[in-house]
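So, here come the structures, one by one.
The following pair of complexes shares a single chain, chain A, combined with chain B in the former and chain C in the latter.
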Partner chain A sequence: MEKVRISPLQFFSLLVLFQFGTTLVVNLGLQAGKDSWIAMLIGMIMGLLLFSMNAFLYSLFPDKLPTVYYRILLGKYLGGFVGLSYGVFYLHTASRDVVDGGLLVMASAALKETPLLIVNLIMVMTVAYVLGKGIEVLARTALIFLAVVLIIGGFSLLVILFAGIVDLQRLLPVMGEGTGPILKSVVEKNIHFPFAELIVATVLMPALNQKKTGIKAGYLAILFCGVMLAQTSAITISVLGTNITERSVFPLLTMVGKANISEFIERTEILVVMVLIIGVFFKISLYYYAALMCTSELFKIPYKKLIYPYAVIILGNSMVLSRSYSEHLMKGSKYLYTVLPVFTIVIPAVLVILVMIRILVRRMKSKSKSRSEPNSNSSPAS
Partner chain B sequence: MIGYRSRNRRKAPKKDSEELELSSKTRPSVISGNMEEQLARIRTESGDSPDIVIRRLKLGGKDNCAIVYLNGLSDPQMVNHFVMESLLHVNPDLLNKEDPEAMLKRIMEDGLAMGESRAMTEWNDIMLAILSGDTAILIEGSEKAIVAGTQGGEWRSVTEPTSQLVVRGPKDSFVESIATNISLIRRRMKSPDLWLETMKIGSVTHTHVAIMYVKGKADPEIVKEIKERIHGIKIEGILESAYIEEFIQDKTVTPFPTIYNTERPDDAAGKLLEGRIIVLVDGTPFVLVLPTVFVHFFQSPEDYAQRFDIAIVMRIVRYLCFIILILGPSVYIALTTFHYEMVPTLLLISLVAQREGVPFPAFVEAMLMEIVFEILREAGVRMPRAIGQTVSVVGALILGQAVVEAGLITPAMVIVVALTGIASFAIPAYNLSIAGRLIRFGFMVLSGMFGFYGLTLGLIVLVAHMNSLRSFGEPYLAPISPFRYKSQKDAVLRMPFKTLQSATLTASASGSGKQGNRSSTQQGIGAGSGTAEQNNGSERGDGGSNQHAVAPSAEGNRNSG
Partner chain C sequence: MLKHRWFAFLVLGCCLAMMTGCWDAVELNRRAIVSGIGIDWMESKSQYLISFQTVVADEISGKAGRGATPTSVYQASGKTVIEAMRNTSRKVPRIISLAHTGLIVISDDVARNGIVDLFDYLDRDSDIRLTAEILVAGKGQRAEEVVAVLTPIGKITAFALAQKIDLTSRQLSENFRVEVDDVIRGMLTPGGGPIINGVIIEGSKEGAAKKSNLESAKSDGLAVISNLAVFKGGKLKGWMTKEESRGTVWIRDKMQKTPLHIKLENGQGEVAFDVMRSKTRIEAELQDPLQPIIRIFVEPNLSIREVNSSIDLRDPHTMKILEEAVNKEVVRILKKAVEKSKRLDSDILGFSHVIERTKPAVWRELKDRWDVIYPRIQVEYQVNSVVRNSQMRDRSFKHDIHIE
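Moving on to the complex of A and B:
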């Protein structure tokens, strides 16, 4: 593996853009109604817990790709299989995000006559080009685009506030229907999308140059994103009301499009589309990179050789995934709580439990063997 | 023109150089005691060139001495007054006529009123010295020749810079003579830490190339790397510093210049103080600065002559100009073809009214106008001054006004094209503005096909590409990405001098663990002036932070290899 180093700040920006990716714009339905922002915050807390599992595994196996420690923990064959299935999972999710981005761009950026294939093609080509330059370049690019996204976000927020279309009354009553819908929404949607998807961070972590600060940056990224997403969803609802928000294909775009200051600054949603494209780009890039790293480590092929074959796979897969946006969304929300949790929650949890057991067993052994050496409770990595 | 001429030049002397190599193989490489033989050899090897002057003298009554110099390249005053006159006035009684070696020594020590004179034995060195304008003194029977430094000849005198103008600031500029250029820098920095190393590059031109750096500030690894790369150059002639630039830059395909050049001594001195290394080439006023980062191209020496708040605004205006230059026409295309709902209604109505009757789509319109503008600019630059007026009349009236009146192009497009044109002139560095002009066309195609979607993806590719560039190990977008808080004071912004003093500008915040090693190697290299260095270090306060991290430079090597 080439020696790449990502600084905590770059790690932070990668993760933030990754989470902004599709979440900001895609409408997966409002199970929690007016309280979807609360659901988002709870989802964020769950996301922090999930991330702590990954961070725990990373702290035991620093500098090791997940596919390596899967094999250490689960044995050569089972671990290899799990690593491979992660690769496939990442690849599939990457192509799902390509479709997300492509359809969304076609609907919102006035590319109605361009074939989806072409739209997806230039996206995949861009990602492949940047990944060809290496993950360090991607991370440094993320830092710059995080600044761009924050500037656009701040500008849009100002425009919305000054346009005077925010009506906080629409958010009331808070938890009018009890906690039931919120919890349902958290379990079905908010944990997985986007917070549990941060499983890709495990592939990035070995490249961190400062381990502890890097992990902190990861937590911070989740906190930051959770707050930003919750705030966005609260503003969207307070501008549009639950009714329109639920029916709109891209509530955020609809919301931003309503802002109008003295008939000069109006319809700034194209800026939001730019944010969306940037976010989708980084989301695809990270999944793509994760898929590349998993397979290149397993089969010992330099990952740069795999970039273009994978581009073809992602592009082909994205073309056959679904026939329309509604179908894509429907499949997506099912995928969220059927397939995704296996990889993001179940397997990491199993691994953490395995590690715990191993540590306990070692400790017991070392205690029973020699009570004179209490310090020998080393990590299972050794 | 220059390229064309140089190619011709390179072709022609190739044979000569081969012959010279051959002849130097068959003939002895050291001079012999036979003076007449040597003089004849000089004549034959130079093709009996009439500008090589051979003057015979009598020392102590015998016809036993000759001086050889190149008419035009040597300073005639020096040759006449200091070489000839002192030789003619050597007291013949003091000369030991039987032992030519002793005589030569005597002349060197007592006879020549010259600062720079040395005894040489190598034939090629003597030949090269004569061809550089020095005067060779040959003595019958001696196997050495005295070479007296009489280099002179006509150079353009120091004038105002023509490519980097300032309102306030020094008005001198580098010239074509490397000695003058070095003196211009030395005059600004009277420090023994300012080190100079020279070499000769070019198998035919033997051009002097000098590198200068401030010892203790410049990264010795980079200095070494630069020297290696310059020594590795295999070319017959160096006629401009761009030749060197192309040979030593990190090998990547990119429109962006990765080496900064300047013709202002104050700019070069400023970069030296930042710990950068400059490369001077004889025969050109343009000096290379290494390693270069992107923000350099937006800095003007003027920034340091104005108040810092003003300077910050001026710099931001330049960045804005660069953005307008690469994105201006493409944003216009995207807005008018894909996203017209974003344009305020009244403005949109007027735009649409203009477009009525124009036969081209916005993309074609923009392409046409930009190409016309490029043609005008190229014609304006290369054209003899006397007909410059014609170009502006044709450009402004016929192309600007008539094209609109004929209904071929909308006035709004003319405005956009004019704006990008002006914006390209506001960037201080010409080579960056050419890069921007090229990239602009790529963005126009992208936005003509995909609107803001293509524009955004293009921007991502552009930023990623710039992130992947390195200039001698230094990331191209350095203080911004990777973000280095300490170096922000003079990158995009320019903080007051009070704060600038504490931080050296190339300081890398990362890699603090490696600084210990680095400073020790540096002391190992510069063992001679260890105390001076320590003083320097304590003055600056952070002796470690002005060295580049080791890792980037190593990666740079890998890139280049």
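Moving on to the complex of A and C:
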């Protein structure tokens, strides 16, 4: 792979924007009802655990793309197959996110009657252009947009608080239905969306210029996002109540639309639309990039040659994915707990176990070696 | 290299074609901005009659005005709101734009038949905001008449009415803002319903819609905010009186300012208070799950505004007597509201939410029987008022003059 280097701060902003991406936008139902903020926090903790697996693998194989260590660990053919399926998985998820973003723009902004194809086309073209410039450009863009997102987020929060529409009683009673719905929600949704999706970070990690700080930045990004997302969901429910939140296609948008400070500051939704589009842009970019890197490494094709063909695939796939938004969401929520965990939980877990076994075996070997050669003072392999 | 250049040109060409502007932009001069919507029931066609109060931009901006009315009402009928809206396109030369709708007036008879069907449109539509204010036209009045009223202060009636609600809820507190989402949440309250502000036309209905209404110092007709309408589920059950409205506002903890009038014992005269601020807290006691006790705690802060009595306000003991009299008065007002809501069997005060918040498990048991339990529920009141000040004087000058 080519020599690209991204700094921990850039890595942090990429991951933050990636997680904000569709999670802030899309409503996959409120299984946990009023307690969805708790579910989000638990999901965040699980996300930290999952990330630690990826970080562990990275610490063993720094400077190596995941597709490389899949082959080292799983053998040439199985590893190659897994790498390839990751590529397909990333590509598919990228096109799902394109649809999410496209539908958001159509529903929220003035583009109500614009065909989805056009909206998606513009989005994919923009992403392809940035990726054509390289991941470093994307990372630097992320840093700038993170600042934009934080400023908008802070402003919206202030507007909502000062508009006096937050009624915290709507969050009570906490855990009125017991812990059952929360755990169900965590298992079916909150782990995967967005925290487990950070599997894409494995593709980015080899480009980090400071390994240890980079990993720390990753953990921080998850913590930061978990808290922000939980807070957003709590505020949305305390403004709209569970029923309207649950039925809203884009709850955040509806919630911010309620803010009105004496007919002077109102209709701040457009700012939120900006945040959402920025987030979706980075989510698509990272998935797209991950798909590119996986396949280019496997087939030894320079990834820049793949950008435009992939753009066509993502665009085409996004158009045939589903007939309606409800079908898209229904498939999406199933996809979350059926297909996604295979790539984000099962495979990394298997790899970690394999690595552990390898380390154990090597340690035992070196022990038996050092026993047989008591004179050697060389440090153990571990 | 050449190939690349061609490709780049192609992409740029595509961009040019697309970047000419928003795909479905509609310029302002192609829009008719709707400020208020009136919804009536047409008995003859059994359809909704929807009246759109549209802003005549030329008259508002001033320069190009022809001296016509600032707003104009277009009407059309339809089985649904959207059908009526499309039907207006035969009458209006511009696209009906609902994004700035500030007010939705529902007539009394539509409200009695149920507003559930209407609200799905208001909730779902991406143009109408949840911040639109909802009003119910008083008995025997039609929403189309309310929407057609012209007001002297504030050119656009719908926005002026929304401001009236804001003002009166701050000054008199017998109303409070009720927006689209408040109504929806109200309809979802088990055994309860929304409360919506009423509106009536005082004076001549025909005169209020004419331009001459703006030209005389004493308007022929005015749109006036009236008392609260009580709903059960999506159906209008009845209207509150002034005092009941005030009690409801108080229990819902929306009290901001309200005048209170106390008659002193032994013919000592009268004192008028102003509630400056007030805090309400509701608790539920669930010792016996079948007979929940609701406790309402109110802590008003008052200011003395008028003293038609010779009492000495420097004496803390007098203050205590006054405070106790106020407590009694407030309890009386609160009781009226609770009794009304019990009589109409609609939990508009949100007691079910209080029980749910206190003990979710008990609420799950009560839920199915709430309709039966609610009218028999025991409510206790505890008012602890504090007289904070007496404005610029202590005693009244009546303390020192002795007529008779």
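Everything below uses one rule, namely that the second predicted complex is superposed on the first by the 371 of 382 C-alpha atoms of A that agree within 3 Å, B and C clash if a C-alpha of one lies under 4 Å from a C-alpha of the other, contacts with A are read in each partner's own complex, and residues count from 1 in each chain.
We take it that contacts are C-beta pairs under 8 Å (C-beta built on N, C-alpha and C of every residue); 3 or more make two chains touch, one makes a residue touch a chain.
On a predicted model such as this, the values are computed, not experimentally measured, just so you know.
Looking at the shared chain after the overlay, A:9 reaches chain B, while chain C stays out of its contact range. By the touch criterion defined above, A:30 lies against neither chain B nor chain C after alignment on the C-alpha atoms of chain A. Applying the stated contact rule after C-alpha superposition, one finds that A:258 touches chain C and leaves chain B untouched. In the superposition on chain A, A:172 contacts chain C only, with no contact to chain B.
In the superposed model, A:240 makes contact with chain C only, not with chain B.
When the two complexes are superposed, the chain touching more residues of chain A, out of chain B and chain C, is B.
Of the two partner chains, both chain B and chain C are touched by A:266.
After overlaying the two complexes on the shared chain, residue contacts for A:144 are found with chain B alone; chain C is out of touch.
In the superposed pair of complexes, A:281 makes contact with chain B only, with no contact to chain C.
Of the two partner chains placed around the shared chain by superposition, chain C is the only one that A:113 touches, whereas chain B remains out of contact. Applying the stated touch rule to the two superposed structures, the overlap between the chain B and chain C interfaces on chain A comprises residues 110-111, 114, 122, 266-267. Every residue of chain C that touches chain A in the complex is listed here, in rising order: 11, 15, 18, 22-25, 123, 126, 129-131, 179, 181, 184-185, 188, 353, 356-358, 360, 363. Across the interface of their complex, chain C is touched by residues 107-108, 110-114, 118, 122, 125, 169, 172-173, 176-177, 240-241, 243-244, 247, 254, 257-258, 260, 266-267 of chain A.
Residues of chain A touching chain B in their complex: 5, 7, 9-10, 105, 109-111, 114, 119, 122-123, 126, 129-130, 133-134, 137-138, 140-141, 143-145, 209, 263-268, 270, 273-274, 277-278, 281.
Residues 338-339, 341-342, 344-346, 450-454, 456-457, 460-461, 463-465, 467-468, 475, 477, 480-483, 510, 551 of chain B touch chain A in their complex.
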